[in-house]
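Next come two complexes, and both contain chain A; in the first it sits with chain B, in the second with chain C.
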Partner chain A sequence: MDILGVMNIGSSALRAQTIRLNTISSNLANIETTRTPEGGPYRKKSAVFTTASTSFEAHLEQGRPQTAQGVNVQYIRTDNGPGKMVYDPSHPDSDENGYVEKPNINLAEEMTDMMRARGSYEANVTAIKSAQRMAMKALEIGR
Partner chain B sequence: MIHGLFDTTIQALDKALELRSQKLQVISSNIANAETPGYAPIRMDFEKSLQEAVSGPESGQVRTHQNHMPAAGGKDLSDFRASFHRDYDRSGIGDRNSVSIEQEMVDLSENQIRYEAAIQMLNKKFSMLKLVIQERT
Partner chain C sequence: MADFVTPAGGDPAPIASTPGVQETRRPGIGETFENLLNETASNLSEADQLSRESAAGGPVDLHDVMIAMEKADISLRLLVQVRNKALDAYQEIMRMQV
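Up next is the complex of A and B:
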């Protein structure tokens, strides 16, 4: 069952990386958003990862050194740090001094995070492919 | 376990395949958690100890005199277990995650190559056995 376990772990990681990529694209899309239902500008969101048991056995053996675990998104963290203050008196959301609070998103940070998400995704796909190839080879024993 | 027909080599290869697929799971766990805060990568060691178990003393029958026939015991590797430990991050900076994705990818491909090598060896052993048990026509 080990090889199928690898598939489960790999797919949990692919799911987690997809959620991470979703938050990144949400951040990029809302880089200029100054109005949200919660009020104020959009706040940067990021996915927080945690280890996850992909099988009942793994859950029972949690904490032991040999327990292989998958990954899960624990929650989406909202960064409540201050946004960039941009001077734009003509903007409808500008304050009495003419400043607009833009979302606290750094474009370069989001782009590098996106590259890392893609790299992790590819690494997990490679692990799944390796498992698949090993399983196919095992079927050839005795041919 | 039938000794004689399925010798120590086949047993060792069989065990190696089992351990390699277990190691694949360990590596994939490390890759999946490459960015999980606080995750310490699992390290699995068995190569040296398996080699020692294969070349070590035979279980079961023991030859007590040098003039006796060699004991047709063979080795029992079914109880062999790999050893595991975790590589905790000791740098004290960052999110206490110490996974090196490059290291894991190298381990992944090495593991796969060694798995396939073991399968090839097993296939060779079986084809030799097949040749031997064939009826001459």
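Up next is the complex of A and C:
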């Protein structure tokens, strides 16, 4: 049923936005982290999205390329840009000049990204809800 | 269950099949209904399993549980409507004066 297809696409988008929110909360949690297993300060992470490739069976069933596609998170990108240098000679991770490299995370940027993730999540929930409402309306024909 | 509406007098005899024309067997209403029933049952059990896992604190996304339940709900309602229609048609035929 195609209505259920809408739900599958919406579900993939909800999952993708959840992962995005995960990376944002990781960035916010580590905004002051100066030590990581890889060495150096924490680096900003962000999710990279890609269209979900439709399965071979779906192509066979439809007999035509499917135009509606879901979304997947392809990978989590690490931003290797330079971090903020803060003068703090008493910090254990300060260099010989007394500067500490803080993570390259901008709080305002993370907050706006978070709002966009939430907005996108809500939009997809609305799409799923209207698919559900349409299905219910179609079932009312029989009554 | 599957044969709750069987064609009167069993399977209709094939009408003098013309040579060269491929004969395709069309599924009866019972078979179609059974497929729908199986699909609904699998949707219901999926929703059941997901809500169980989520209640047990498993790594299940909340929206997946809700969507699975919604799908199960829609397919159950569809099943009930199809059953009502089939039963109505059956009773209509049974009421027919011969």
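Heads up, the rule we're going with is that the second predicted complex is superposed on the first by the 129 of 143 C-alpha atoms of A that agree within 3 Å, B and C clash if a C-alpha of one lies under 4 Å from a C-alpha of the other, contacts with A are read in each partner's own complex, and residues count from 1 in each chain.
The criterion applied here is as follows: a residue touches a chain if its C-beta (ideal position, glycine included) is under 8 Å from a C-beta of that chain, and two chains touch if they have at least 3 such contacts.
Quantities reported herein were computed from a predicted structural model and do not represent experimental measurements.
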**OP:** Could you say whether A:3 touches chain B, chain C, both of them, or neither, answering first, second, both or neither?
**Re:** both
Original post:
Of the two partner chains, chain B (first) and chain C (second), which one does A:142 touch, if any: first, second, both, or neither?
Top reply: both
Original post:
Who does A:80 touch here: chain B (first), chain C (second), both, or neither?
Top reply: neither
Original post:
By residue count, is chain A touched more by chain B or by chain C?
Top reply: B
Subject >> Which of chain B and chain C A:15 touches, first, second, both or neither >> reply: second
Original post:
Which partner does A:36 contact after superposing on A: first (chain B), second (chain C), both, neither?
Top reply: neither
**OP:** Pick one for A:132: touches chain B only (first), chain C only (second), both, or neither.
**Re:** second
Original post:
So which positions on chain A get touched by both chain B and chain C?
Top reply: 3, 10, 128, 142-143
Original post:
Contact residues on chain B for chain A in the complex?
Top reply: 17-18, 20-22, 24-29, 31-37, 39, 42, 44, 82, 84-86, 101, 104-105, 108-109, 111-112, 115-116, 119, 122-123, 126
Original post:
Residues of chain A touching chain B in their complex?
Top reply: 2-3, 5-6, 9-10, 12-13, 16, 48-51, 64-71, 116, 119-120, 123-124, 126-128, 130-131, 133-134, 137-138, 140-143
Subject >> chain A partner contacts - residues on chain C that touch it in the complex >> reply: 61, 63-64, 67, 70-71, 74, 77-78, 81, 84-85
Original post:
Which residues, counting only chain A, touch chain C once they are in their complex?
Top reply: 3-4, 7, 10-11, 14-15, 18, 125, 128, 132, 135-136, 139, 142-143
